[in-house]
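Two complexes follow with chain A in common, the first pairing it with chain B and the second with chain C.
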Partner chain A sequence: MNKVMSNKAVIALYVLPAFILIVALIYGPILITGYYGLMDWNGIGAMTFVGLENYTQLIKDAQFWQSAYHSFLLAFFSTLSLVPYLAISLILAGKIKGSDLLRKIYLIPMLLSSVAIAQLWVKIYDPNNGMLNSFLTMVGVENPPAWLADTNLVLYAIFVAILWQYAGFYIIIYYAALKGIPESLVEAAKIDGANPVQIAYKIKVPLISGVIKVTVVLAIVGSLKYFDLIYVMTGGGPNGASEVIASYMYKKAFDTFDFGYGSAIAFFLLLITLVVTWITRKLTASEDEIQY
Partner chain B sequence: MKKGWHKVIFSFAIVSMFALAACGGNEEGSEDNSTSGENESDSSKTIEFMHLWPEGSSKQHHEIVNSIIDEFETDHPDVTVDVEILGNEQYKEKLKVLSTSNELPDVGMTWAAGFLDPYVSGNMFAPLDDILEGQLQDKFVPGTAEAYAIDDTTYGLPLELNITPLYYNSAIFEEHGVEVPSTFEELKVAIQTLADAGVTPIALGNKDRWTGSMWYMYLADRIGGPEVLNNAIDRTGSFEDPALIKAAEEVQELVDMGAFINGFNGLGNDEAKGYFINEQAAMYLMATWDLPEWTTNEDNPQEFRDSVEYTKFPTVEGGEGDINSFVGGPGVGLFVAENSDVKEEAKEFVTFFVEKWGERSVTDAGVIPATKVDTEGIDLPQMYIDILNDLNEASNLTLYADVQMSAGVADVHLDSIQALFGDAITPEDFAKQQEDALAAEE
Partner chain C sequence: MSVLYIFLIIVAVFQIYPLVWLFQFSLKSNAEVFGLSPFALPQDPRWENYVRVWTDGNINLYFFNSVWITVTSVLLTILLASFVTFAITRMRWKLNKLVLGLFMVGLMVPIHSAIIPLFAFFLDLNLIDNPLSIILSYTAFNLPLTIMILLGFYYTLPREIEEAAVVDGCSIHRIFFQITLPMTTPVLATTAIINMIYNWNEFIFVNTFISSDKFKTLTVGIQNFIGQYLTDWGAIGATLMISIIPILIAFLILSNRIVEGIAAGSVKG
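Presenting the complex of A and B:
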């Protein structure tokens, strides 16, 4: 067996199917997108090569930078929200009653499709018949805001829905990591007289720091390319107040038939994401690998 | 042993998943018209036909199409029609993909003006003027087939026609003593009365933007006459015309009066329609494609359907436009592919199709065809008869602005509309933005 596995040709043969798939479905399209980004193309007719014109236009496009700002805002809030998720997981992973049930409840949003979640929140936010405003009126708020129509509020209203959508995902990751911590470490700390908060803060959290780093990257990257809820709930409106990079890209490519420009945005988004990921990795890098 | 079971269940799950996925794909994906099987000989010709009315979501349309095809095949034993059906969005996608590889079906469906443009400039669609000057002469309502013309050559035959009346709930009107408005001043009085009584005057889902565009277009038409907006778009005029700015001012005045439903810029059209159907709003400006909702749709309460009436959009005092001018436009139309190898048969088929469709669509599917309809002796809800009669008297039909414009400019127009309704820009800037976008394209 060892002999077979050291044969380069065999290794190549085994790797080939996955390699072909990943090239055909991921790296190929990335290159093609980059190529389209250099073209003036409406998606149907002839393409004309325009060099970097799409990119120079992009740099000057105020609407693009506004959507980029919204994307980064979302990334910031997603990262921030990891703290309460971690807190919830710490509590769930402790031996509290009903943690099993609670865990499942937190996971439910993960099982719904984005469109269903979007519809759900659209109903909640409905300015006149919605649950939220009915509640606000009940407790005596006069003229509660029209959440999805108010340019100052719409972005945050959608963020709440997005954070709710992903809560279960991060909680389950943290929960699994916390469950992997050997009981003996916690017991030892208890004997030394540490209280639960100290145990959580000084022992558990440092032990799962590797997982936390991964979730930070996931949250940032996921936010930068986020699309679905925003597209369904507001389509980027009103007046671009909830536009993010991905929804702006979609709008340019498919609504205004400017595929060249849309591709340029997509490629630029890839670059942004790569750079941000690299920076995040650098900032959170640490020397010591944790071993139990 | 236990482990073995897991494997069996798991693989069963996987297999059934694929099987289900395959079934799902078949349902709306594509369907072959298998009636054509028997007479396939060497001399027979096949017309490939792609349309967008799947049995599931547009049953009546689907059935009319099938029976028209059957009839055509009986009349032309040497021709078979091969049908492929896709839902609306997939249809648009597929058409685009097929055209890039020059494999368009012989006959298919297209939309007017802006949608048509790239296909025509790519030389994909065949000119159909010979049919319009021949067999189908004077069959169409004026202004419909023209919407499919580029540089005086027509590339599509419209099937549907929609105009936009102002629907209102007569029960709400009566309850608050509101008269049906025939001038814009009266409309404002009605709005004020309703707003003071705590009733939402108008349902509007301006998240979709084209909904607000209809209000703007009507005001522009009533103030400046039908030519002003068209001229601004075809560049014989300017968007900074005083009438177009005045119309924008009127829109903002309506917004300030609280005419439109709270949060309209965040509501989709379907939600807005929901308010109207729930009798939470008194008026709703929408095209005639919603007629079945007020007449035959059993899902809506009978009481509500009885109380829905319509009126023509009120005239503005001192304005140029007259009350018989409508905002509207044809929906889908038929095209024949330029590189079709059965072009003659395909042309014959579309002619046949348009004639038969005109006879049956309104009675069988509630769709108003682009061909003229004789209302004598057909059995229809009264609202249809009235609208069809109004259509015969129509003085003008202004095609929806976002359809007239190219995709890029349409997007600027729609965004400006949303900003205008949201009080985010002044009427002057509103006009300037669109003027700039239009000028940039010249």
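Presenting the complex of A and C:
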């Protein structure tokens, strides 16, 4: 038994192909990103070592900080949006008829490509023939805004599309966690005279606090990495009003061929993602996990 | 109670109505789109919008590229992930926990932080504008999540069958392919669907690594295609519908598995 199951050659044969793949395509590139950040390079020609020049330029780059601010704003809103998602899941998990169907309907946008979602929402926000402004005109709003062309509104308009895309995802996660709570605990609280709101707030939510922490990390980190939807909807415009870290990095590297500077931004994105993950986990870590 | 229901239904309408609206304008002519209320039903459904975009541009080509690239990547990912999970959970060696940890760290890495060196790497290998670059990237970046989902299932499998097979003198490869792998079919289906949705919708790799039309997939293809049809809403609607219909059909048939896979894949992340 042991002889067959601890055959080193077979283990290597089974593990190495996948291992080589992730080292070559994930870990290697991640490390190299930081190194490229030290170079002046257009992606094709020769690389010139410039030390920390890209990184010092980054610190002084107002456009970069604006993008970072937008990314953090999205992260903040995404985290806030977890509250209504949790509320919806609490209602759905309360033995409601049709909750199965409703959950599936909520989930559908999450399955679609960001490109299709982006194009659809561009049409919804179309100032002349879009769904939103036609509706607003119908109910009597004169001169509704041109959502995606308005520097003050564009980020919020995009955030609504993000809400639409991810609602089902978080609702499914919360629902699965809530369904894992033993019925006996809820029954006991009922006998003690707790009303549904108290049960939700004092029993169910604390019991799934572990999952809530995970979703907070997912929401924040996911927002920092946001790219596809914004790139297709607005390309970061108008005038940088919807630029985020990832779209700014992509533009610098693949549109203006400044690979060194793009890599510096990418490295910053990696660091900030890791740091934020670490901080959120620390901040949301409770003294003792609830056991049941 | 009814207030809660109304709230849930409003949310459901918010989630689904944009797609209904998309379907409506995919069947309209420009005169209808620009002349009538956007909420009006198409007067005389123009299914020819679909025929036109399918045959006119490269949509059919993009579609088939999406299909074969998705399928190849999914099969490769599942095979490699099953090998790794089998070796980690069923075989006996000292470094298995460490190797598992290395795979799991991949869950946290943002694709965007790897894309520039990855581009340079594929450029060196002469794999830019070659579907192999996307297939390998999809496989690598989906391996951590796939292994994570498989892991939970492998831990629940009884060891007795494998032990009996060893006693009977069965080779390790036969144990893997003929005993263990078939036993994991239910979870393989879940991971296949999660992988399929991810690959079908992927944008940044294709947009970066592929430049010629003959290798583009649907997500990137429609992006360029829509540029040409700037004001033809019927054509744009039909194109978008074509890109999302396969996913919607898969969802109608397999929704329970998809829901299960998303829950399994995210909670532990």
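Annotations
Rule of thumb we're sticking to: the second predicted complex is superposed on the first by the 271 of 292 C-alpha atoms of A that agree within 3 Å, B and C clash if a C-alpha of one lies under 4 Å from a C-alpha of the other, contacts with A are read in each partner's own complex, and residues count from 1 in each chain.
One rule holds for everything that comes next: a residue touches a chain if its C-beta (ideal position, glycine included) is under 8 Å from a C-beta of that chain, and two chains touch if they have at least 3 such contacts.
Remember, predicted model here, so these are calculated numbers, not experimental data.
With chain A as the common reference, the superposed partners chain B and chain C clash. When the two complexes are overlaid on their common chain A, residue A:43 makes contact with chain B and with chain C alike. Looking at the shared chain after the overlay, A:191 reaches neither chain B nor chain C.
Number of chain A residues touched is higher for C, counting chain B against chain C. Touch criterion met: A:259 reaches chain C, while chain B stays clear of it. Shared-chain residue A:251: touches chain B; no touch with chain C.
After overlaying the two complexes on the shared chain, residue contacts for A:4 are found with chain C alone; chain B is out of touch. In the superposition on chain A, contact is made by A:149 with chain B only, not with chain C. In the superposition on chain A, contact of A:30 is made with chain C only, not with chain B. Once the two complexes are laid over each other on the shared chain, residue contacts for A:239 go to chain B alone; chain C is not touched. Shared contact residues of chain A with chain B and chain C: 43-44, 128-129. Note for the complex: chain B touches chain A at residues 96, 99-100, 118-119, 121-122, 200, 206-209, 261-268, 271, 275, 280, 407-408, 410-411, 415, 418-419, 422, 424. Interface of chain C with chain A (complex): residues 4-5, 7-9, 11-12, 14-16, 18-19, 21-22, 25, 33-34, 37-39, 80-81, 83-84, 86-88, 90-93, 99, 102-103, 106, 108-121, 123, 136-137, 139-141, 143-144, 163, 166-167, 171-173, 175-176, 197, 200-204, 208, 218-220, 222-223, 226, 233, 236-237, 240, 243-244, 247-248, 251, 255, 258-259, 262-263, 266-267, 269. In the complex of the two chains, the chain A residues touching chain B come out as 42-46, 122, 125-129, 146-151, 154, 234-235, 237-240, 251, 255-258. Put simply, chain A touches chain C in their complex at residues 1-2, 4-8, 10-11, 13-15, 17-19, 21-22, 24-30, 32-33, 36, 43-44, 88, 91-92, 96, 102-116, 119-121, 123-124, 128-131, 134-135, 138, 164, 167-169, 172-173, 175-177, 211, 214, 218, 221, 224-225, 227-228, 232, 246, 249-250, 253-254, 259, 262-263, 266-267, 269-270, 273-274, 277.
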